[in-house]
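Per-chain residue numbering starts at 1, and chain names A, B, C, D, E and F are given in the order in which the chains are listed.
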Amino acid sequence: MKLTLKVSGKFFDEENSENLSLLRDVIIDLVNNGHRVAVVTGGGGTARRYISMGRKLNLNESHLDILGILVSRLNAQLLLFSLDNIAYPKVPESIEDFNERWASGKVVITGGFQPGQSTAGVAALVSEIINADYLVLATNVNGVYTKDPQKFVDAKLLPKLTVSELKTILEGSQSVNAGKYELLDPLAIKIVERSKIKVLVINFKDLNKLPNILKGNEILGSVVVPE
Amino acid sequence: MKLTLKVSGKFFDEENSENLSLLRDVIIDLVNNGHRVAVVTGGGGTARRYISMGRKLNLNESHLDILGILVSRLNAQLLLFSLDNIAYPKVPESIEDFNERWASGKVVITGGFQPGQSTAGVAALVSEIINADYLVLATNVNGVYTKDPQKFVDAKLLPKLTVSELKTILEGSQSVNAGKYELLDPLAIKIVERSKIKVLVINFKDLNKLPNILKGNEILGSVVVPE
Amino acid sequence: MKLTLKVSGKFFDEENSENLSLLRDVIIDLVNNGHRVAVVTGGGGTARRYISMGRKLNLNESHLDILGILVSRLNAQLLLFSLDNIAYPKVPESIEDFNERWASGKVVITGGFQPGQSTAGVAALVSEIINADYLVLATNVNGVYTKDPQKFVDAKLLPKLTVSELKTILEGSQSVNAGKYELLDPLAIKIVERSKIKVLVINFKDLNKLPNILKGNEILGSVVVPE
Amino acid sequence: MKLTLKVSGKFFDEENSENLSLLRDVIIDLVNNGHRVAVVTGGGGTARRYISMGRKLNLNESHLDILGILVSRLNAQLLLFSLDNIAYPKVPESIEDFNERWASGKVVITGGFQPGQSTAGVAALVSEIINADYLVLATNVNGVYTKDPQKFVDAKLLPKLTVSELKTILEGSQSVNAGKYELLDPLAIKIVERSKIKVLVINFKDLNKLPNILKGNEILGSVVVPE
Amino acid sequence: MKLTLKVSGKFFDEENSENLSLLRDVIIDLVNNGHRVAVVTGGGGTARRYISMGRKLNLNESHLDILGILVSRLNAQLLLFSLDNIAYPKVPESIEDFNERWASGKVVITGGFQPGQSTAGVAALVSEIINADYLVLATNVNGVYTKDPQKFVDAKLLPKLTVSELKTILEGSQSVNAGKYELLDPLAIKIVERSKIKVLVINFKDLNKLPNILKGNEILGSVVVPE
Amino acid sequence: MKLTLKVSGKFFDEENSENLSLLRDVIIDLVNNGHRVAVVTGGGGTARRYISMGRKLNLNESHLDILGILVSRLNAQLLLFSLDNIAYPKVPESIEDFNERWASGKVVITGGFQPGQSTAGVAALVSEIINADYLVLATNVNGVYTKDPQKFVDAKLLPKLTVSELKTILEGSQSVNAGKYELLDPLAIKIVERSKIKVLVINFKDLNKLPNILKGNEILGSVVVPE
């Protein structure tokens, strides 16, 4: 299978970085199971620190976003160095770069591409160009819930939902608390819809079960299916 | 002043290409009036032809978009060759490339950057990174109307409106006839809002009045102002 | 075997583009038969349109040629996207670029390199650097004739001829009707001669028989042999 | 004059980043005084954090150094965005890149180039290739002392010394407390010696006096002179 | 005026290299007289040595030509380093590269571009793309003669001739002694003809009179004029 | 095994170039024995000639070093063309470039990277980034001796020594006759020490025994072992 794995930048914050060896091992495992893997990394706390320093220097929004992108690429580089033999040794800086590196047959790890774009948007673009079987969003919740599970005790995990249903949920949650529950931004949703990409939302802690889930031996998280 | 000029790809279709010398002369005029100018070109009919050929070959959506982007860059190259001394002689392929070429002090002409993105989105990104005074959308109508002027006789041109008002109008029009009246896509609106970029919508035929409009000597089209 | 396949730009004109799937299938077939394949594409009608627009804008000859080269690269990109897994995903822009991509083991598809140079010249350069067994010219005639077959009923197809003989024929035809029967320009002839490259001229419609021809199971077209 | 300004990475740590606006203002001031300025930035605390994460993932020393270099380039990018009009908008990644950007006439800001090399080594290479009048080392001490001023009350600041004298002092201090008082590493010293580059060591806090010092109106720090 | 200066590689052979300071001074002089200058350098004896070593290793003709091109770029680099402030600090590797560097306003110095192409061909391409007023060929004879002046005492220098006349002379000489009197190869002639480029053939030793010749104060060498 | 082979530039001088086919055959042999090979080439006599010409033109030390680096890359290109199928077809220009090409699985051949750095320094950097099992220094002596074997009859070859012992010997010899016996410069020693790289010093003439030596079937030269 061809997979895009979107990993939050917070796993590259020093205090969470013990998870990086888990992530590395999962990628090795996926490759050993015959999958082709693309990884998209976020910027995390380091990105926020640089953006905050940039803001004090009155940089414009594009410049601030580029600082965040540079940090996400730094995170991608850290991860790829740990995968020495199986990852392409350079972080692509655009989708055209990505596409060229993907032809190497190796795992390709990328950070952000452009201002005004979330990591999820990048992951959707990557999924589309490689015709990915799954876009996997590794998050800190167990999947997509009917409501924010941290606020409502009656929130229910949805093992399967459509993109339209996801949109309805995201719109609801955003009006309450912007930025918190944002799995897919408008670009990502547009790409996922037009190319009918299947999205799997799972807890980062369950990443090691991903090979099993892909074999169909285990059901975890939520699958967002094209209509 | 710093200006981004967004030009529809249709002016590069052979049947409309007599407008190209007008466009060239406007740019020269703007430069002679002391303005710095960025230009973003669309793909037009040639892009549609290549996308249609690609679709017959079963290319995916990303690949089709990239064909359209390549045509928009071809259009940019045609235009810049006609501006030999005053334009940067290479078409940038990303916003980072763009930013580097912009430092040359020359007119920089760019096509598309990435799949899933309209020319207006590119123009908004460019406007943000250069802190443009105006993003100028050269269209085939005279500005923003309360309704689609080709359908409703009581449609009124709005000389000045806010981004929110524009959004309301665009949402209304899109529900009626998608793609037809689309001035700014969601990415473009997001960028325009967060960086408070002023947008001027004018008829392509009035482009030669742009130096005068910028001097405040003439009022034409619609200005979309930040809130 | 190592082959360079030179394809006229006219197969990328929308009205002939149904031939593109034939071309794609031939390339796949050649690869499946164990051949390594380089492809050089021309610019066709789109190139002519852009050159005509450029001429109206008074571009110089180099600039016009570059527009044609950009279109030939666009054609190369369209073709390579249709060969997703087996073609190198980027169009080289010089012979040095080409050489680097060729090391990937994939089919490499290229357009033009430089002003003042025909597609056949590029194909000869490519054939030389990869030590090609054959440079295959896919044309709209069945091979090399003693005279222009469209004018003379007694024109005879030559199944085998030397480069000198080809030169004599080309010089004759050019004096009659320049540009029409031009298979190899002076650069191409120089390269073909100095590196003793075998040239196979066949009808585009017979391309699907190429694997058979290369096996020696079928004789078609004309072979130009080194002296 | 042509100056290379070497700035420690610690000024890019969030807790010290209020110094960045001072640094930006000094550079603007130097440019306004007619000087040409190259800046070399270190990696600081962020580099150390990434190197520490990399070490936990068993990266080799080259990979760790490259992570540090990437952070130093991130710092360079932050600084150059704050100098929008006067700095070259891209961080060079090698001395050849640097040399090309330097021809733009703008301030060029660079991070590290290569594993196994200190920021001071990079600054010496940069100084040599531009024939700098001064390599300015902005540190947290007031200049070069006869002994470590934080340990010995009788340490004396040397307003002028030769490279040989500096070497003797550095060798002495290194044997006591490696890494603490290291102004110039062996590569930097080799370059400074062979090209007779004058080195000015001053306190970061006195950077705003640099235009005055260069005019000869004020004497501060230590000057290391070629023999 | 805009000039392309073609310099034989032999001036970069160690035994003739005292001419390099003359060449440097001429370029500085031309720039000081307000001209824009492009320079194209050949490979000379070093190129021949590398080609001979390559031949012993059985390299193909393309590879041998690339070795010669690399040496011509090395010569270009040596020359540009000697022109530090006024030359673009990097040798372009294609005509597209060249065109981008030319926009810098500096002297651009280039070696070869492609196998199968002479330095004169490169110089013609460069002249065309910059719309050069003159392509200056610095040779070891005083201009174009009716016959080879080293063989025939009655050979006469032609102060002015047409491209057709030049072609007739070159064809005559080539049949006698190939390679010796070859000023322009077929590509160069094709470019010179189609773009009506004026060619000035002068003795290298008279290069210092070039500023005067261009002012019309002195007549030397031969001018080949478009028809 | 992974090997870095450092080859002196003098084998690329025309008078010694008969050794190049030996070198090529050794590399093919090593690859056929399952080893991965990186090669670093020096500049030799051609580099010295260009540096000498540059010095007459008053180039600075950085510029002179870059000329030497360009020649070393030319040598690398000559060698890789002779290894057509098994070597990566482009010479990397930095350690980051090198690392990207190394992922191709091919032999990667590189010249110099940066001014102020010896070929041995480059070879050490390359060895570190690929985690080489051996850095092989092919020299014109049989290994490391207790004293300079060309001066002292009682000099003894050391089959095994530590880096510290090597440093002591090098320091001794350098004080006597700088540059003559210099196997490893300070950068190379620093890298070799920190990454515990094993160094094998052998006579160039014994290179064909390298496959055997690596199998443990033969003992030749000196091995410098990490402490």
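A few points about this structure:
Quick note on the criterion: a residue touches a chain if its C-beta (ideal position, glycine included) is under 8 Å from a C-beta of that chain, and two chains touch if they have at least 3 such contacts.
Because the structure is a prediction, the values reported are computed rather than measured.
Counted as hops between touching chains, the shortest connection from chain C to chain D is 2. Taking each chain's centre as the mean of its C-alpha atoms, chain B lies 44 Å from chain D.
Mean C-alpha positions place chain A and chain B at a centre distance of 31 Å.
Chain B and chain C have CA centres that are 38 Å apart. Those residues of chain A in touch with two or more other chains are numbered 63, 66, 96, 104. Judged by the touch criterion defined above, the protein chains form a pattern that is neither an open path, a ring nor a star, and not fully connected either.
Across the whole structure, chains are in contact as follows: A-B, A-C, A-D, A-F, B-C, B-D, B-E, C-E, C-F, D-E, D-F, E-F.
For chain E in complex with chain B, the touching residues are 96, 99-100, 102-104.
Those residues of chain F that touch chain C in the shared complex are 88-90, 104, 106. Within the complex formed with chain C, the residues of chain E that make contact are 60-63, 66, 93-96, 113-117, 121, 124-125, 128-129, 131, 186-187, 190-191, 194-195. Considering their complex, residues 12, 14, 17-18, 20-21, 24, 46, 49-50, 52-54, 56-59, 63, 66-67, 70-71, 73-74, 77-78, 81-82 of chain B touch chain C.
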